[in-house]
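For reference, the structures are reproduced in the following blocks.
Two complexes follow with subunit A in common, the first pairing it with subunit B and the second with subunit C.
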Partner chain A sequence: MATPTTYVPGKRSGSPLKMITDPFEKFFSAIYNGIINVVDWIMHPLQDRVGVRGMAYIFVLPNLLIFGIFILLPMLLNFYYAFTGSTELFPQNRPFVGMENLNTLFTCQNFLDPNSCREDLFWRAVFNTLGYVALQVGTMVVLALITALALNAQIVARGFFRSVFFYPVLLSPVVVAVIWRWILQQDGLLNGIIVSLGGERVSFLTNAGWAQTWVIVISVWAQMGFFTLILLAGLQAIPGEFYEAAQIDGASRWQSFWQVTLPLLMPTMVVVLVLALIRAVQVFDQVFPFTGGGPGTATQYLVQYIYQTGFSNQTKEYGLAAAASLVMAMFLLVLTAIQLRMGRRNEAA
Partner chain B sequence: MKRFAILFVLALVLMGAFAVQAQDAVELRITWYDDGSEGVVLRDLLDRFEAENSDIRVVVDTVAYNTVLEQLPLQVEAGEGPDMARVTNFDAFKGFYLDMRPLVADAAYWEASFAPAVLAALRTGEEDADAIYGFPNQFTVTGPYINRTLFEQAGIEVPSDSSDAVTWAEWTEAARAVAEATETQYAIAIDRSGHRFAGPAFSEGATFFNEDGSITIDTPGFRSFAETLVGWHTDAITPAEVWIGSGGSYAAAADFFINGQLVMYMSGSWQIGRFSNDIGDTFDWQAVPNPTGEGGSTGMPGGTMMVAFGDTEHPAEVARVMDYLASVDALKEFSERTLFIPAHLGLGELDFQTDVAAAQNALLTFAAEVPKLSEQAYELQFGGQAFAINNPIRDRLTQVLTGELSLDDAIARIQQDVDDALAAAAAG
Partner chain C sequence: MTTVLRFLSNTRGRKRLHITDALTYLYLLLGTVIMFGPVLWLVMSSFKPQAELVRFPPRFLPYRQETVVVEGHDEPLQLFNVTLEDGSVRQLAQVRRIGIEAQMIDPANPDEIIPVNINARTPVESVYIGLENYTEGIARFNFWRYFFNSVVVTVAATLVTLLINSMAAFALSKYEFRGRDAVLLITISTLMVPLSVILIPVFLVITEVGWNNNLLGIIIPAAATPTGVFLLRQYMLTIPDELLDSARIDGASEWRIYLQIILPLARPALAVLAIFSVMWRWNDFLWPLIVLSRSELFTLQVGLNSFQGELQVQWNLILAMTVLTLLPITLVFAFLQRYITSGIATTGMK
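== the complex of A and B ==
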């Protein structure tokens, strides 16, 4: 029978200390002890001053600072800029104009016709973004689910296929864009193959429909692995007993999928759906080097509109860009609220 | 071992000495872009300057042209810009230039060497009417090039061989016929740029600037060349990638011409150096006079300026570098080696360093275009309003090409964009 160990505060439990004989180990041990002593020298008086509870705040302070400087402050600045005018960069030189920028964005005779809007490019970007979000997210979630189901099954070289599907996620969006541009341009690889087979060149990047399609195809290809991985984890968390019970009850594979897999996977699906939606609304980094927003404005999405209005146009309208950012933030807030609501409903179920 | 130790100590001493010397030298930065190989010539010039001025080291940051257009203005405004830069969008930096008048060795030399209108293009108005902010290191004229070999292969006469007044319609038909006869991919192309579009539009009779100082885009001449551009795309005789497939950025069609995929290419004199290097004598290329229309035969003037920025920590050293780069010897060598038309008024006869006969002829052709440039063209380039006009023309006409806007709607939008941009600039 083993002797129970009792914890005595201030005393080390377990095996006696090992004698350090290796010179390297001694060296690193000395460095380690030195660091600990320095940290202790700083922290001890600090703890005496702020108390044990206060130390918690000290430990989260670095993260809070980073959040404050790089996220909260820019957000507040963006909010301020949205209500100021002029082309001046620095906030102190910008006059307050109230709702003028938002008014400019929302001055429309018919909201469904961008040509009737004062800021037609904003509304083109809004409609392009909505179309992209609906098609890209819908396609990607369905394909990610099918892929996850396939990779969850007992197939040959399952590990290899899992890597293959995840690999595009590791690529930089710019690299993905440049490679696909080479493939799809007028004298690109794909047209080369088509011509060598006796076909006519296809305007993949200069025809609005084709360009919008390829933007979605490429983003699905590049991002699907990430969502497949999340769904795969969700699938593996479903206990095998449920399938055995369904099988005993005479359920077909199709019925098992609808009655067992999908309901139990729903919480994961909600996470995937909301993450994919948020990511899709923010689309920019891959599309900008791929099509530049063209042809015309066919693939110009909201973030590109904001970037061009604020930074790359000859006349830099920071206020208008900030107002457009606010509109986008509101849209993302609504999406997040829906996620929270659906999450809670799932928990309750 | 002892020898090794001595060598080691010596190396350390030498490294220390170099480090001290490097620390002593003031480091200046130039943001630069290349059309051809002019960056190499600049580096050669700067190397010689540094050899004679050991207290100054000049680092050249070569970036894409779009970076100069889109990112450099923001850097400069935020106080994070370089000491000097090569720019074409002079208006974007107004108010941020360094006035070198009190710093340069001889301000009178600068005033006598460069056209007053060009120096004035960097100034804001009355308050800085005598400031010296930079100098033009290249004068450019827009104009077309043809692939003469293709004309010969097609057995079609080059229209400008027998006429001094060839219209855009005649050139388009000739280029189309050549492309069809030689099975060349494209007949005609123009860079995706409002600046490049403006020359032909002025030739067709467009006028932007009214006597009362206002700007009107909608003129028959403007519509005429816009319809020509639309026709090229509808007939698929121009590479769609240039205007339609380039998003919202500037795009050149030079690669199509260099690769022999294009019969006629509307660009400008700055391509001569690149064509000399990249085409050489692979085929006969030729610069031809700007086509003629109701507004005459005009290209667009242009050029690049070397400018200094007011946020530099070393204004005196910047002025010394600029004095050197603006000197007769430096600019003469720069022009002769890059095959750029100089903007210095007193360089005398130049000995352009090229064996390519086409390059020599192109230089002569573009030089002959200079006296034909219209007042409207000069006003657009140096009048301080190009920033508001060029990009809306480029972007809105692209929307016509893709079917997003009718030409009427596009012209109305260009007018609105121009008015908004000028109002925003006036408000500050």
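== the complex of A and C ==
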């Protein structure tokens, strides 16, 4: 891994800014030195007792503790929840029910028709999620690649354009939802444009097909910049000599894209694809404040099913929610395994 | 004009302008409109008064109707351009409207009432950046409470994350101890475990610890980020061991080495992690939504979500509050843009 580049300010010892910041720097470094001395005074005796090796355990302990309690332990507890029933949160009150929760989820007359399933909401969420994942990731990766190629060309104001495409990534899901709800509402900007071009007003958010489309559009809008930056870094890592060689051999731009750029970008593409897939499977943040899952169940996805089953419904079916989490975890596991395998193949090639 | 053209056709070393260059610029300009336009539209709309917000089709700039204070009337009167029967146009103030007739007066001569058909008048307008939505929104929305909660969560979580992640990374990169490889393996293998997969059990743990409806419940659980540990460890591996050894010979304790040598040298990596942590925490939504149910504990994101989900959508206030919510992170981006983009490019962090 390359080290992140640092911003090194030029030497400006006499600048007025320096004259203002200097006393602050001195002040803070004095405080920092004080902290070091206090910590040292407390920890030195401890080190004398446990030795240098022992200190390593102390350094790793806080992180490990939080990690263990809030990530590892819950991972195990999730299985416990999936195989126990009732609406009790505390494990000691939950009776063991074996496969019942998973059975409830998987009781279907016809797996392709959510209406025939006992937990029809779950299957709607599954199908919605699959559709979303396929379309969102497909669209986004293609657009991110095009954008990265455009940003990698020899253009003026590259930094500006790069920032513009990245900016939406920083916006919170709720902010993104408000921005787009405002644009898409009945009397909003988009309907204004449509009407002034002579069209009819469209109810974007109360029509199932439109709502699903716009959920994909806004998540591509909000996430694309991140993947563009990774792809751009991948493009910039391709040595220029390859292109020169291709040019000498008489390759057109189009040919050198297919013969040079794309094969060499493949490892980065795989990373981008898997990261995008993993994130798409967990879609919730951008959709919930945007459509609330509606109209009807048109934009309800897996995480929202888990959230509602476990937290926001009147009867809290923790077991069912945990079982659904397990199904999702399996899904993510498969994706991660694919990534590892592809990664190894790329290394071998 | 020719200099502009020459500037635009600059190709940084290549000789002629190719058709793909034109396409590239076209794509980038269109992209700029699509990526930045919606935010600009939000900001413009947030300055508009309610009357302008419900206008259809909407206008880009925030307009406000001019008013005039006339003696004998308590409220300021609205100004209109009125086309009179003889075809002349006069600026008149409206006193009241009765059906399709408006009673208008000349501000200079307030006693004489002129009846005008309402279709014969057009409002006198000017661009006006109004802050009323903001002041009213802040009062109604409990903005400072939510803002304070968000700042507490973001700052505390980032400090805790930096501290414990860097301590762990230091141990994992500079010491040989039993179990080190196990710790490292577990850390890496959970890089891909998202919180959304273990929502229920984490909620149980939070409840058992007593952090349900407590800001600690959103600060602590996500602090032990595997990504952060991994990033810092990779960076610390590049710090030469000789530096540590000579400090030990000088009698420095391990904690002094960590605080006085490792942390200052790892500053670039710490900065990247700090920026990401701020971004993650400020925008965090699902987990605070689950943990916080008392409204005085809401973070900005949760508060804004419940505000915009209310039945009576008051767009003018919501828009202003949304702008205030995105402002801090936008300022951070404006100042640290270089760090952020290069940080992502090199680490590929989420």
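Things worth noting here:
The rule we apply is simple: the second predicted complex is superposed on the first by the 282 of 349 C-alpha atoms of A that agree within 3 Å, B and C clash if a C-alpha of one lies under 4 Å from a C-alpha of the other, contacts with A are read in each partner's own complex, and residues count from 1 in each chain.
Just so it is clear, contacts are C-beta pairs under 8 Å (C-beta built on N, C-alpha and C of every residue); 3 or more make two chains touch, one makes a residue touch a chain.
Note that the structure is a prediction, hence the values are computed from the model and not measured.
More residues of subunit A are touched by C (comparison of subunit B with subunit C). In the superposition on chain A, A:39 contacts subunit C only, with no contact to subunit B. With both structures placed on the common chain, the touch criterion links A:154 to subunit C but leaves subunit B unconnected.
Residue contacts after overlaying the shared chain place A:120 against subunit B, while subunit C stays out of touching range.
Residue contacts after overlaying the shared chain place A:88 against subunit B, while subunit C stays out of touching range. By the document's definition of touching, of the two partners only subunit B reaches A:206; subunit C does not. After overlaying the two complexes on the shared chain, residue contacts for A:285 are found with subunit C alone; subunit B is out of touch.
Using the contact criterion defined above for the overlaid structures, shared-chain residue A:107 touches neither subunit B nor subunit C, since it reaches no partner.
When the two complexes are overlaid on their common chain A, residue A:311 makes contact with subunit B and with subunit C alike.
When the two structures are aligned on the shared chain, A:293 is found in touch with subunit B, with no touch to subunit C. Residues 89, 288, 292, 311 of subunit A touch subunit B in one complex and subunit C in the other.
Subunit C contributes residues 7-8, 10-14, 18, 20-21, 24-25, 27-28, 31-32, 34-36, 38-39, 41-42, 45, 54-58, 163-165, 167-168, 170-172, 175-177, 180, 183, 186-187, 190, 192-194, 196-205, 207-208, 220-224, 226, 229, 234-235, 238, 248, 253-256, 258-260, 267-269, 271-272, 279, 282-283, 285-286, 289-290, 301, 304-305, 308-309, 315, 318-319, 322, 325-326, 329-330, 333, 337-348, 350 to its touches with subunit A in the complex.
Here subunit A touches subunit B in the complex through residues 85-89, 115, 120, 124, 185-186, 203, 205-206, 208, 288, 291-298, 300, 308, 311-317, going by the rule given at the top.
Across the interface of their complex, subunit C is touched by residues 1-7, 32, 35-36, 39-40, 43-44, 47, 52-53, 55-57, 59-60, 62-64, 66-67, 69-78, 80-81, 89-91, 146-147, 150-151, 153-156, 161-168, 170-175, 177-183, 187-189, 191-193, 195-196, 221, 225-226, 229-230, 232-233, 253, 271, 275, 278-279, 282, 284-285, 288-289, 292, 303, 306-307, 310-311, 318, 321-322, 325, 328-329, 332, 336 of subunit A.
Those residues of subunit B that touch subunit A in the complex are listed here as 69-71, 73-74, 77-78, 89, 91-92, 239-241, 244-249, 387-388, 390-391, 398-399, 401-405, 409, 413, 420-421, 424-425, 427-428.
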